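Going by the order they are written in, the chains are A, B, C and D; count residues from 1 in each one.
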Amino acid sequence: MMDAYTEAVVIRLGIAILLALGYWITAATGKFSFGHAAFMSIGAYTASILTVKFDWSLETSMLVSGLTAAVAGAFIGWIALRLTILYLAIITFAFAEIVKILLDSWDYAGGASGLFGMRGTTPQLLAICIGVVIVYLFFLTRSRKGLSYEAIREDEQAARACGLGVTRISVEAFAVSAAITGVAGALSAHETLIITPAQFGAPQSLLIILFVVLGGVQYFWGAIVGAVVLTMLPIWFDFLEEYYQITYGLLFVALMILRPQGIVGSGTERRFTMRALARLSPKRGKADGDG
Amino acid sequence: MLIQQLVNGLLLGTTFALIALSFNLVVGALDRLNFALGETAMVSAICGALFMSQLDITFVLAFLAALAIGAVVAGITFLLSFRFVSAEYHTAPILSSLGVGLVITSLVTRVVGSDQRRVPSVLEGVRIEIGPLRIVGDQLIILSVAALMTVLLYGFLNRTPWGTAIRGVSDDPDMAGLLGVPVQRVILLTFVISGTLAGASGLLTGLSFHTVSPFTGFETTLTALMVIVLGGLGNITGGVVAALMIGVIETLTVAYLSATYRDLIVFLLVGITLVARPQGLFTRNTGVVGRV
Amino acid sequence: MLKSGRHTLAPEQPAAALVSGTPTLQVRDLRAGYGRITGIDGISLTVSAGELVALLGANGAGKSTFLRAVSGMIKPWSGSVHLRGDDVTGQRSDRLVRAGMAHVPEGRRVLPTLTVEENLRLGAFARRGDGDVDADLDGVIARFEPLRERRNQKAGTLSGGEQQMLAIGRALMARPTILLLDEPSLGLSPRLVGEVFALIRDLASEGLTILLVEQNVKQGLGCADRGYLLSTGSVVMTGSAKELLADPAVVGSYLGARGRDA
Amino acid sequence: MLFLTACGGDEEGGDGGDDQSDAGPYRLGLVHSSEGPFATNSATMRAGANYAVDLINADGGVNGRDIELVEVDARNDPQTLVTAIPQLVSEDEIFALLAPVDSAGCEIACAIAAELEVPALSAGAGRPGVLEPSRPWSFTMTAPDASNSIPVLEAIMEQESAGTAAIIVDEANATTQAQGDLYREVFDGSDVEVVSTVTFASGDSSFASQVTSMAAENPDVIALAAGPADAARIAVEIRSQGLESLLIGTGSLQAGGTDYINGAGDAAEGTLTAAQFNPDNPDEPAASLLAQAEEDNDLDAVSLNFAYAFDIVNLIATYLTDSGAAASPDTLEDDRQGLLDFLEDVEAYEGMSGDVTFAEDGTGDRPELYAVVENGQFVISEVGS
């Protein structure tokens, strides 16, 4: 049996990995959301209300929370994914703030003081979730769809020109990403014991982005590396005490200068070729179709 | 009371306008956002406030000091987060400048503590009454200094060779280089001016809110972001108009509805604008939208 | 230097350069490209003072890559660029402008939100403090009359022809030793193309050293002293304009294929 | 081990009878936060706890054993608590926990500690319901605003014979929302008419709009349902717009008094608040403890979090002395339960912050005082004096 501390660290690590993998799916299409904490809170509140107020099992609630987050993700994706990176960032960010404000004034869910009484997250449950996601990603990255994600990330214009349904593919990726994030939120809520809207603010969204950017978007296991490093850093660097934040900030500055592509990944040399893109084109003859 | 509230809103808007100008200059020069500008404003304001209350120097000197600090911090941010960061990675300068912001906030709380600092009133007791309208000394200072800075900036951009060079680089950096404009130096200058404006905005905001806290940096960045998106990225005049608009909308929401809905309304407004008119309300050139 | 009120273009040549015959621009074995794709593969070229040299070739032959590598917009991989005998290889564009090289890139690229006058003044940015800028401004406007009434209009609102005038006028504001022109006739109506080439001939006859990059071989050689023919990143033929125009190979593969290139 | 103890014995002899000196120190966990808006309060709490431990150890410790504080920096991040508390419990085997001073941190830390069946005490968390998820394992030294402030504020209303009042409140924050309800109850009970209620968002930008709205009604009293930092800025705006209403606050405004007075300056003068801690308490033994603490730590005045943390450490030490608990791995469970029973029933303990007792819900029972800002300081009086 693990002691309480080891178990807590393992669960925290597991949730971070799940969040990172979820985010990687949308990052793989080159779409960076700055409000993924919103999907986490949607998942966390959905599951918590079901387990605390309706006595559902955590497993069932988790699935429902994934579904709810997916619906929200599809909606926001449909609105925002046609826009450029910065505007997508702002819309997703604003969405997260709006969700937070609404939860703050939702008395049924405890308003600003939040909900409590959730428990039940186990390392086993997390392991199963991560396992499922990794299997999904393993097949995704080897499929045509995985290739089209890469095509959109590397050159959206060209991908569009090849006849890829860029918007549909990105929205789908965004919804799946939101679903996984929602499940992670549900599991996190049942570990933290208490959830308040304030826990799902901008810093949480940023942390999720950092997992993936630090690890690198090229391979999904890069996201896992990022999640592990960023979760363990505060524990490893505990001795830094009040200099932790400064070190942390400087680390990012240095990293962006030295390895902007993340810890994992080959950097500026594009592995992706336009020939591979041509293979994706559903109607080869119409390569320069609707622009 | 409505008129008084409108004036309150415009006053709030003028402080937003300065920080929006500050962000828009950088967007123009680099098609990038400097996410450490909010913290730059904060550190200038805290230093200005401390100079006034601890060293007992006059507002004018403290204000000039705040401008200088803002300029230096923004210059350093340029070197750390933009100059040597590969332009190929769009997220790199965002994360890097967020990192700089984190360091600034942390350093400030380390050095001067996490307490909020009082910004002493400048023209205490001065109160002008025009009919139902009441304007106090600090508000007068804020209004006139913000207006003066905006006019100076417009003058600089439109009437001097370096100002023209800044606008040229913002239009087409490669072409500006081919005309003999030292592009990197112009960009550094843009950051320095942008930092000066952030410093001014920080201290004037402090004067308007009576205190400054080390934890407001990121919030300032967010407000500015909403303003410049609404006004059209990189559009200097659009940013000013949007700032005044948001100032008035926020104030009226608080006065006649509830402060709880204030951010909600602003976010919805910006969200709807983005979806319906992605180039912002007053676009300068749609190219910027695609590039940022 | 100014001849009786008329604006001149020929800059002062260092006496030594004239005597020893140092070329204004000398490029040796220049290689450059984008990413891993080679754009130009070892181009050598010389432009002497007062010459009008044309660099010709089809779309994708590497003409623009060559100019960009010479004028510091991209870093060359190897080879050297000498300007009046000084090594300027890989220097930033703004330094090159100060050294006397002005580059009018393809597509004119006027600065759209600046007024016509601001565009012109920015052309003399490197010469700030030099009292003659106002005089030169008047000179350029006198040369390009249609710009006079548009002086305070945003450059983005000008027509294609006017933008080309502005782009060339703006380059002249730097008082260049050598002017690099990239496809000045691109996208202009036939009548305007004729005007632009007449202007280039005028400039050359006033003594300005010019390197002209053209896709249209006939037009390009028509006004040049010498020409270089480029194909897939290398020089395939060089000689005086007359020789080239008379060469059956040129006539066969370039002039005959004119319809496809243009 | 034996040798070390012999050396330690030089300072002060063991306590005789119950000497357990070879059992190692008693360990207490302490969670502070070097980042975030409560960093200052947190540092004060940490200083108070360490001062108490130093005094006890210098005096020979408890049952011949030292007390050791195992400190963790949560950096104002709730996620850190999720691993930090289990680490304190299973790796460091702490006997009890000094929980964060801020309500948000306290709520999570106490809930996790309760899950692991470890007693937790906070030296500052006072938001209503903050202990609900973690009872009966948790306690806070602070009295909740509602029980403490209502009678005091009603007395103030009577004394000032106020007729009209305005309330400024952050409706999206649990703490300030509860303060708003509290004022409504006070005004209801004292026949004061509420002529204006305006809202703000904590950390808000400008208060010009809210104050303009209140000024239109020119109320006798303005009630501040806000954190001390926001309250300070509201006060300055009120005075700068020339409004002369009386400003009132709950006990938590006095608790965060430094922030309020530093932020508001002259505008704070005359503000009346309920209060639950008197740094100039004339009664013994508080008076001499406070005087000693001021001298030893070079303080102008002992602040609330300092005194509360000092008392928490001494309360635990008192229990350990009285019960002779070994708090060894075999007895830990019983001893922790023993501490809970002791805290539930504590009556006669007199500490730096006055008499310490806890209510049914684990919150502190505190005296009903009121404070007025005079010359940049809160001056404490008892109600009716």
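Heads up, the rule we're going with is that a contact is a pair of C-beta atoms (placed from the backbone, for glycine too) under 8 Å apart; a residue touches a chain by one contact, two chains touch by 3 or more.
All of these numbers come straight from a predicted model, not from anything done at the bench.
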item	value
Chain occupying the middle, per Cα centroid	B
Identity of the chain that, by mean CA position, is farthest from subunit D	C
Centre-to-centre distance between subunit C and subunit A (centres being mean Cα positions), rounded to whole Å	51
Distance between chain centroids, defined by C-alpha means - subunit A, subunit B (Å)	31
Geometric centre distance via CA averages, subunit D-subunit B, whole Å	38
Gap in Å, rounded to a whole number, between the CA centres of subunit C and subunit B	42
Touching two or more other chains - residues of subunit C	none
Set of subunit A residues in contact with two or more other chains	101, 104-105, 242, 245
Residue numbers of subunit D (touch at least two other chains)	35, 171-172
Subunit A to subunit B touching residues, read off their complex	32, 79-80, 83-87, 90-91, 93-95, 97-98, 101-102, 104-105, 202, 206, 209-210, 213, 242-243, 245-246, 248-253, 256-257, 260-261, 268
Contact footprint of subunit D on subunit B as seen in their complex	1, 4-5, 8-9, 11-12, 106, 109, 113-118, 120-121, 127, 134, 136, 138, 205, 208-211, 213, 215-216, 219, 223, 250-252, 254-255, 258-260, 262-263
Of all residues in subunit B, those that touch subunit C in their complex	161, 164-165, 167-168, 170-172, 174-183, 284-285
Of all residues in subunit B, those that touch subunit A in their complex	33, 80-81, 84-86, 88-93, 95-96, 98-103, 105-107, 110, 218, 222, 225-226, 229, 233, 260-261, 263-264, 267-268, 270-271, 274-275, 278, 289-290, 292
Sites on subunit D touched by subunit A in the complex	34-35, 73, 75, 77-80, 82-83, 85-87, 89-91, 104, 107-108, 111-112, 115-116, 127, 129, 132-133, 171-174, 177
